[in-house]
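Below, chain A partners chain B and then partners chain C, in two separate complexes.
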Partner chain A sequence: MLLLQLILNGLQVGAIYALTAAGFSLIFGSTKIFHFAHGATFTIAAYLFHYALTNLGLHWTLGVAMAAGGAVLFGILLDRFMYAPIQRHEGSFFTVFVASFGIGIVVENVIGMVFGRSFISVSTSLSRSVELLPDLYVSPLVGLAVLTSLVCFVAVHMFLMHTHAGMALRALSENTELVKTFGLSPRRLSAYAFALGSVLVVPAAIFTASSSGLNPAVGHHVMLISLAATIVGGIGSIRGAAFAGLLIGMVENVALWQVGTQWSEALTFAVLFFFIIFRPSGFFGRAAVS
Partner chain B sequence: MTAYILNLVVLISIYAILSTTLNFIIGYAGIFSLAHAVFFGIGAYTSAFVAMNLTPSFFVAIPIAMVLAALTSLALALPALRVRGEYFVAASLGLQMLAVTLFSEWKGFTGGIGGVIGIPPVEIFGFALVKPWHFLILTLVCLALVIAIIQRLVHTSFGRSLKSIRDSESAALAAGKNITVIKTLSVVLSSSLTALAGGLYAFYMAFINVESFMLATSVLVMAMVIIGGTGTILGPIVGAALLMLLPGALSYLSFLPQTEIGSIQQIIYGSAMVLLMIYRPGGIVSPKTRGEAA
Partner chain C sequence: MIRKRLPALTLAATLFSSSVALADDVSIGAVFPLSGPNASYGDVFMSGANLAAKHANEDHMLSGDLNVLYEDSQALPQHGVIAMNKLVNVEEVPYVLSAFTGVSKAISTLAQRSETVAVNGGGVGPDLAALGEYFWNVIPLANNEVGAASKYLVEELGLKRVTLIYVDDPLGAGILNELEKTLEPLGGELVEAHSITPSAQQFSGVAARVRSSNPDAVYIASYGAQQLQIVKQLRDNGVDQQIISYSAFSLPSLQALPEAKGALYTTQSIDWDSTDPVTKRFVDDYRAANGKTPTSYVANYYNAVRVFALLAKELEAQGKDVTGENLLAQRKATDKFELVGGSVSFQDNGTLLAPIQVLEVTGGAGEIKKVYAED
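Right, the complex of A and B next:
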């Protein structure tokens, strides 16, 4: 029964990781920007949701709207005012990574100063677990998380496959010059990628806030998961990142059968390292070893 | 007052070793490591362990610590450097998180969360360095040595190979350079010198715990390198001095809430990193042309 419980938890965590990782992978794949501040987007969304519900006492739909608005705004502003100027003159991996990392530090500390550094969690009526079977506690959030991520993935898939903007984004990931030749603006497409990628972390941030809780430093953990899932899934493959996120969430939780919770990050590292050694191109990636 | 300044100079020198060694891989090899504090920690814990269980001799404890850090970095670098640069960032971030867990759980070696207390003063040829003055000299000598080693290496063919890899990996490959081996060697060398800083830190503080070796330290050292200027000798040292003086300087500004000094410091260097990348990617001490620092 414990194993079943852990598998269910793994499913919820995995769904959350899948969404986060897919957002990062989408941005990285199409714009080639190593968006380390993706973790900061997650933190901002989670704290806005927390603020709306706990401090302002708003209805949860307004909370979700605030979180989504904040995340998208943050993503687009970063793209417009930080990445665009950097890419204009050079935009090597180094400069983009450092700037993105710097903004992550700023966000973590500003949030820490405003909301305090301790753990927060938003309790909703859905967080309460019910005993489904003897010794099997399930909260409605599990189903909701899995359902939401499925809906999100179908929506992203439809967007990328069947709309002009989506097709242009896929084209951008293949060849920036060619996109320009066709008269499309890579800058505008980049804004789409950031909006979409940032909005994908919102459900993940909200589910994390209402189940396990979080603190301002969660951004690094989010980034570790996103990076690990992007690599394990294969760079440039959103589908791969999502599956890898699910896999990592599962491994972390099922392993609790044998080891303590403090080792969850070690397990993520183990999965990542295993793939780097034995299959560096990931599930769906192209060959990556030089 | 002199004690305060003495303490500050010793700490700045230790951090200058950290930033110089990190600069060696960031600035010359173009490898981004978020795990620098791990090797710092391995150096500190190993030196402490050897000093307490075997001998506090500098020439025994430090080499053991350096070898251990070198081996750990080899295990990380060998697989992770075969592939794209992003892989190493991810792998080193993972290692940093794993190491924090390990440092706080492995009670026999690291003393767990509580840390290691009562590390004996370091001995050089049987002479115990008890006075802060003596320790300051030792630290400065070590810093000078590290700078000399790296300065020397940068101007050898190995250093030129490194820079060529940083500037264009495919060109270096075409010129017949074994990229993975060269990069791995640079990481191993940098990590072992980092362990030297760890050993000095353990002996100087006489007490260490996991707090000093967390991701925040890796980030701080990276900020030192970037703000000072990558790929220069002076840059990381200037960066280390600036960021180490910052908390003291901030505490003079009495209108700032004293409990938030740590956060304010991080906000300052986080913003500095962003602004520098937009306006002056080479850092404060940047080479003449941008092309050289890329």
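Right, the complex of A and C next:
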């Protein structure tokens, strides 16, 4: 029963990781921008949701809208006013990374100043587990997290495969010059990528706020997992990042069946090293020759 | 001519007057977590230290104003060492407040080498009592707290099988060691010990492991945001057993967490209604400024600064410099200190002894369940 319990826990955690990793992978794959501040987007969305529900007393749907609005706005503004000028001046990959890393730290401190630096969580009965079978506890959030992830991935897939904007985004990841030749604006497409990638972290942020709680530094862990999942899944592959996020969540939890709790995080990175050594292109990535 | 030289004269006068003012001021340092997941502790610690400095200045205990220079450790040893280096080598303070077991251990060698007194009021790792004569503790250490917790669980509640969830650092290792030592003689048993990394945030898997071992009580040895996440996730994932911890649970955010209601924790025992003048003034002024009763952490850092003020006052009266070496000698020469909580004395190893109380989280200030005399 312990194994089944750990698998169910892994599903919930994995669904959350999958959403955050897919958002990061979408942005990185399309724009080639190492958006380290993706963790900050997660933190902003989670705190706005908490603020809307707890401080403003709004209905949860308005809380979701506020979190999504804040995340999208942050992503687009960052792209427009920080990444675009750096790219215009032909800043290196490292310059973009350092700038994004700095923004992550600024956001962490601003959130600490505005919302306080202690632990907060959204109180909901949905996070409270019920005993389904003897010694098997499941909270409604598990089902919600998995269902929401599936809906989000189907929606993103439909968008990328069946809309002009989605096709243009895929084209942007392949060949920026060709996109310009067709009269499309890479800058505008980049904004689409940031909007979509940022909105994908919103459900994950909301589930985290409700299940494990928040502190201003919560984005670091999110970013670490997103990065690992992007490499394991194959750089640029949203489907790969989603599978990898799920895999990491499962490994983190199922590992506890046999090994001590202190090893669970280390095993995440053991998976990462395994892929780097034996399958550097990841789950669904394509091998490249430079 | 005078008009031409006026700006230069003004500048010289300003520089001279400011240097005179600085020379009169007395500065001590503090290495606290001011950012990161444990920053809320820094706020609590600062409130105690600032209040003590304010009282010392109101009473004109020293020849100049007493200032506390704060540096951020993020509760991480490497940041703590950088902060301590700045305070010792740049600011040249004789006395530094420290917090967190890992940080305190990291800065203790520099304190010893530079003959700077470091005073801990927050870390409770048992080995903090053996970091050299320049390292003092104004807080009872985990060996006192864990002993009282084990006694209460086994003797008062009959809860003998205990599972420990501990953060993998010197504090966690110290508490594991103390639980192993104290439970067995009382007829209790440490069923399982789950080590977690300081950065871990997901504990649903740990909760499943705890449930499967079916203990009578769960001891949590963590701190900051992480300990709240552990409590919430244990309760959310069906762990209904008695939760117990150490003084880190006195954090206001934990006291307000609905899932923590009914949890037990230990702290040093301080009677907030005491009529002794030091305690009364501290409690009254803290309540007036913050609208709530202080916690033991606030009192500890108040006491840490007050110890400095008392020692420095005595040194100034004797015409001696306020240096780490002289502060140490003066502390050894002083039998009793009038601090918040009453009249206390330091042990030879530089650690204060105090009675320990077991409290229950009730949503407001904790409810005292039992007080154990210091041993």
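Convention: the second predicted complex is superposed on the first by the 279 of 290 C-alpha atoms of A that agree within 3 Å, B and C clash if a C-alpha of one lies under 4 Å from a C-alpha of the other, contacts with A are read in each partner's own complex, and residues count from 1 in each chain.
The criterion applied here is as follows: a contact is a pair of C-beta atoms (placed from the backbone, for glycine too) under 8 Å apart; a residue touches a chain by one contact, two chains touch by 3 or more.
What you see is a predicted model, and the numbers here were worked out from it, not measured in a lab.
J.: Superpose on chain A as described above, then tell me if chain B and chain C fit or clash.
T.: They clash.
J.: Just to be sure I read the superposition right, which of the two partners does A:157 touch: chain B = first, chain C = second, or both, or neither?
T.: In the superposition, A:157 touches no partner, neither chain B nor chain C.
J.: For A:59, is the partner it touches chain B (first), chain C (second), both, or none of the two (neither)?
T.: Neither partner.
J.: In the overlay, answer first, second, both or neither for which of chain B and chain C A:262 touches.
T.: Both: A:262 reaches chain B and chain C.
J.: Please indicate which partner A:109 is in contact with in the superposed arrangement: first for chain B, second for chain C, both, or neither.
T.: In the superposed model, A:109 contacts both chain B and chain C.
J.: Let me test your reading of the model: by the given contact rule, A:180 touches which partner, first (chain B), second (chain C), both or neither?
T.: neither
J.: Once chain A of both complexes is superposed, is A:99 in touch with chain B (first), chain C (second), both, or neither?
T.: After superposition on chain A, A:99 lies in contact with chain B alone.
J.: So, does A:82 touch the first partner chain B, the second partner chain C, both, or neither?
T.: Only chain B is touched by A:82; chain C is not.
J.: For A:188 in the superposed arrangement: first (chain B), second (chain C), both or neither?
T.: Neither chain B nor chain C is touched by A:188.
J.: Please state which segment of chain C collides with chain B in the superposed model; the candidates are 166-174, 220-228, 310-318 or 328-336.
T.: 166-174
J.: Is there a shared patch on chain A that both chain B and chain C touch, and which residues make it up?
T.: Residues 108-109, 112, 220-221, 262, 265 of chain A touch both chain B and chain C.
J.: Within the complex, which stretch of chain A touches chain B?
T.: Where chain A meets chain B, its residues are 34, 82, 85-86, 90, 92-99, 101-106, 108-110, 112-113, 220-221, 223-224, 227-228, 230-231, 235, 262-263, 265-266, 268-269, 272-273, 276-277, 280, 288-290.
J.: Report the residues of chain A in contact with chain C in the complex, numbered from low to high.
T.: Per the touch definition, chain A meets chain C at residues 1-2, 5-6, 9-10, 12-13, 108-109, 112, 116-121, 123, 127-129, 131, 135, 137, 139, 211-213, 215-218, 220-221, 252-253, 256, 260-262, 264-265.
J.: Which of the residues in chain B end up touching chain A in this complex?
T.: Residue list for chain B touching chain A: 26, 30, 32, 79-80, 82-87, 89-91, 93-95, 97-98, 101-102, 104-105, 169, 173, 179-180, 215, 219, 222-223, 226, 230, 260, 263-264, 266-267, 269-274, 276-278, 281, 290, 294.
J.: Spell out the residues on chain C that touch chain A in their complex, using ranges where they run on.
T.: Residues of chain C touching chain A: 35-37, 39-40, 43, 165, 168, 194-197, 199-206, 208-209, 211-212, 224-225, 228-229, 232-233, 235-238, 251-254, 257-258.
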